[in-house]
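Once you scroll down, you'll see the structures, which are given as structure tokens.
Next come two complexes, and both contain chain A; in the first it sits with chain B, in the second with chain C.
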Partner chain A sequence: MRHRIHPLVRIAAATAVALIWSGAAHAGARLSVITTTPDLASIAEEIGGDRVAVESLSKGYQDPHFVDAKPSYLLKLRKADLFVEVGRDLEAGWAPGLLNNARNARVRPGGIGFLDASAGVAILEQGGRVGREQGDVHPLGNPHHWLNPVNGLVIAANIRDALTRLAPAEAKYFHDRFVSFESRLKSKLDGWRKDAASLGLTGMKVVTYHRSWPYFAEAFGLDVVDYVEPRPGVPPAPRHVQDLIELMKAQKVGLLIVEPYFDPKLPSRIAQSAGVPMVVLPPSVGASPVARGYLDLFDAQLDLIRKALGGGAP
Partner chain B sequence: MIEALPLLLWPLLACIAIAGIHAYLGFHVVERGVIFVDLALAQVAALGATIGFLLGYDLHDPAAGWLSVAAVIIGAALLAFLKAENRRIPQEAFIGIVYAVAAATAILIVDRTPEGAEHIKFMFVGNLLAATPAEVGRLAALYLGIGILHVAWRKPFFAISHGRTEGMSTTSVRLWDFLFYLTFGLVVTQSVAVGGVLLVFSYLIVPSVIAMLLTDAPRTRLAVGWISGIVVSVGGMIASYQFDFPTGATVVATFGVGLALALAYRGLVPR
Partner chain C sequence: MRGLIRAAAAVAALGCIGAAAPTAAPAQSSPSGGTPPSGTNLLNPAISAVGWFQAEAGDALSDSGSTAFSFREVEIGFQANVDPYSRADFFVAVSPEEGVELEEGTVTFLALPAGLKAKVGKFRSNFGRFNRTHPPETPFADRPLAAEALFGDEGLSAVGGSASWLLPLPFYANLDAEVTNTPEMEEGGAFTPNRGKDLLYLGRLSTYFDLSEAANVAIGGSFADGANGADTLPSDDPPPTINALRARLVGADLTFRWKNPRRAIYRSLVAQMEWMRRRADLPLGSDVEATGGYVWTDFQFARRWHAGGRYDWFEGIQGALGFVTFNPSEFSSISGQIRRDGLNGRSHKDTLYFLKMTFSIGPHGQHPF
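So, the complex of A and B:
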């Protein structure tokens, strides 16, 4: 809906905000950016540079569906200039209530400082049931969209636009940093795609625990054929495990991917029985010590996959 | 702390409202020895909402709410009936079974719904910091209404809680038990949605245990229960802010501290 705002209204709003914020920006006050996940925080830092102070509410090793709220979250949101969420209901269990109670109309949905990072991203698995064999899906689509680096660019552009709305005087600064981020990401993307191809990931059939990886698969040509979890949050039944092992053998599945916040016992037994290598893959910045920034995340993931597949250093 | 006060006001008021009704209901629950009945009825209510899920209602749809209420009515009837039928088997055994079967059935249903168990988990986690004025107002109105019913029906309720059922027919014991579990179930399901299972359990049991440690007179016990519930709410909220801990868990841990203090006092000052 936010995209259908009349241009004149946008200009008026931008001007109003410019009047309020240009003073602050010139005085050297940093815009306070609060994100729900460290991936968004890393991208916001890339774009905002020293004009912003960025903080993520969740840690990379936490499952972003469930975050235990602390009083400091309310204080941070109350003082925030910009709130960025992954969107598609990923944070539906905790973020809306906190935004509502933080007494900061700016960062509430519809406010000038509220950003749904998924705006404009090509969302997968959207619009109801796709079919039994692909699993049933969420009406708003799969929320793990940051795991395709191409979407990282869309998120970065969204953040650039939001920051520019809040501090129009810094438009060029944010634009330049976006261009720099874009060119670094694109050159790394070529490298990642080559790595993925040399690891044989293109067209490789894989099984994942949770439905976190469709965007990663899209980026590097993997083919996700099934899940350990038959439904999000439902432990697998014995027959599903048995069927899964058979399917992995029959379809020559090359890799089993597990998120770090699930117990690896069952998946590693499945991997062993099927004779398939398993990898615990961090889905977020900060989930592993090597994945410090958004651009390191894919390095770290491909490195872990290389090790799991038995290859040494490149 | 002062800057946080307006932000923490409604969560704190929610806690105090919860303390008000639960410290009172806790006396019945502890006297009857049905400690985990709140967990069982909350799970039954969640099962109702899960069935709503299967029929295509969202968790926040009023229809899902009514299915929860219907499930609580059935759960209350079941608990009242099972107690009267089997005096040799402790009531806690049936409560545990109702809990386990309701939880398991919810998993079976979720296995056939598109979105999985994540939304069901939200029903038990609660988000105290997200408590809104409207939510607190709704809680307070419900608690007040049920509190008035309990004052009106206090004689049979307390007679059954204290095991003085001589002169009451089996049918009337069943009926009063049903009304007790029904009002109780309506209270806990609303509280759990705001505060989470752990928090509600603590508000139910700990104030009355503290009060039983400190005094024997029924009226004083109720007063001590309320005061300890409110003191722990305020203390827990301050601690959660000062040390920046998740709020619900901090309040529960503060209840542990409160109970330890009451035990220490009892140790130093024997009756």
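So, the complex of A and C:
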């Protein structure tokens, strides 16, 4: 006797087949990695190779504090296997809302696909009294940690571990790529340190616009003595500008460093008045055409500093 | 952005994006300065507060029932994850005149399958764009005529449940459905509750497109159907079953935004328009219709300065408002505003002057978008 199959059973069977097929397809696909910044994306590509598809939500020329939480980003996060943020509240103004609305529990904090890249990094400007009278400070420390290449290795290790959790079968692949990245970075780091020393950066007093550069200064021996912004996020008043110019003259400041997303008019005037060279330095991959990857970023920065200080080609 | 930053603003202004997460709750030391007995305080919710002080002047003030100075409200927010699956957001509004009121209190389930999100509690109804913005966070010292007439001073909010579905499409599209109690409203409001079981049903479809790296547009359509008071029956014999009349609301909204991402903190433009129509049953089978809307724009012309204006109308009444706003920081704003109602009436008594000051304290929340 032939039994008729109930339509609901047919639908359930078709759905199950589709789910199994989609799961199998997903298992064979590259891991989707979404990062908040292109620096993290570059490192994730270094570690993930052809096993990952990486995309950064922000561009290198954007101020990472002020990225709009566009709904179109939800489409990227909805399917993400791994979300990587710089952390330390750098993205507090835009990433949490995206994660809460991406309908993807894996990439929410605590999920297997969420990674705070600052884990294990030696964070600067941490501790002590914190209050809004100090401006838009980050209570968890200065978040611009990727600007010391040594920290790039910690970030890379974090990404390696996160990718390995998501795809244990690829553990050796990710580890081998990490070892390769580590080797190339350490080799370049020696060169960068020699370049910095030859440029006279060791011990050089500098002024920066925002507090973006303490890790860069830590890496190459710069001494940041003051800021164009008197407090983070607070535009300078005329009195501060005048005091800053006097300080730069008195302390023989050697360089004024400005991020590309700030209007350069005021720092240009300050640099001119103080008789100090100014450089617009890319803080992230993609902020300058030559800063194509994380390992290029420091080449580009040191090259721009060389030009600002009046040096020619290395 | 008006410089007023906190998580509540995201709940309101993100519209389709919805609630924002708190940043890490600040670590708290014990009052004595010694070591806390345990780590329990670290699990406290993120606490924030937004204050709204306002001064008003003008011949129309005597008719409006307002006073020259008012502390409109302070909104206190408590936000935290409940567990790995849900988060809670509570906003309590405290005002010298209105007392203490739960403005919003929701538990949101974030780990649902198939692109779904759901919440239960008291929340601002997802009708249009403006209604979801908490009053201190709007660019205005007042409310647009249509919003005030239909939803009152505080906007449309109710107790119930909501489901939100991010559609599996290659572009952003979100479908929201809400079922709530029909809220008590001022006379003339969009809905009038009759019996406890007469519910308010609401649906909203919203979409969003990037026009370029700097420009984008969001489009939405909303529909709501709720009670409009009791029907009257011609006879009491047999004892009447008083059915509710219904009122239906439809709305459409469009928001255009521009901001150069390379100079994000210096220049931006937001332009928004919203239209809504209410059709309500009347006893004995007739109905009544009312239409209104508004158009506003906010241009950030310097790092800390905004200027903008609004034109609004409702049932033949027209009004306009202009404002200039200064943001000393991300966390405070001072806005001078002029409003003129009855543009078609030309009476000097229709002009009001406002000074709106807002300030927020607590952890850095989500930037509104």
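Some notes on this structure:
Please note the rule applied: the second predicted complex is superposed on the first by the 276 of 314 C-alpha atoms of A that agree within 3 Å, B and C clash if a C-alpha of one lies under 4 Å from a C-alpha of the other, contacts with A are read in each partner's own complex, and residues count from 1 in each chain.
The rule is short, and it goes like this: a contact is a pair of C-beta atoms (placed from the backbone, for glycine too) under 8 Å apart; a residue touches a chain by one contact, two chains touch by 3 or more.
If you're wondering where the values come from, they're calculated on a predicted model, not measured in any experiment.
After superposition on chain A, the partners chain B and chain C collide with one another. By the touch criterion stated above, A:Y215 is placed in contact with neither chain B nor chain C. A count of residues in chain A touched by chain B and by chain C gives the higher number to C.
Using the contact criterion defined above for the overlaid structures, shared-chain residue A:P260 touches chain C, although it does not reach chain B.
When the two structures are aligned on the shared chain, A:N101 is found in touch with chain B and with chain C.
With both structures placed on the common chain, the touch criterion links A:L140 to chain C but leaves chain B unconnected.
Look at A:P232: by the touch rule set out above, it reaches chain B but stays clear of chain C. When both complexes are overlaid on chain A, the residue A:F178 reaches neither chain B nor chain C. 66, 68-72, 74-75, 78, 93-94, 96-98, 100-101, 103, 136, 233-235 are the residues of chain A that lie in the contact sets of both chain B and chain C, per the superposition on chain A. Residues 5, 10, 14, 16-24, 26, 81, 84-85, 87, 108, 110-112, 115-117, 166, 170-172, 174, 208-210, 213, 216, 218, 257, 259, 261-266, 303-304, 329-331, 361, 363-367, 369 of chain C touch chain A in their complex.
Residue ranges on chain A touching chain C, taken from their complex, read 59, 61-63, 66-72, 74-75, 78, 89, 92-94, 96-101, 103, 105, 108-111, 130, 132, 135-136, 139-140, 233-235, 260-261, 263.
By the touch rule above, chain B contacts chain A in their complex via residues 3-4, 6-8, 10-11, 107, 110-111, 113-118, 120-122, 125, 127-132, 237, 240-241, 244-249. Residues of chain A touching chain B in their complex: 65-66, 68-75, 78, 93-94, 96-98, 100-103, 128-129, 136-138, 229-235, 237.
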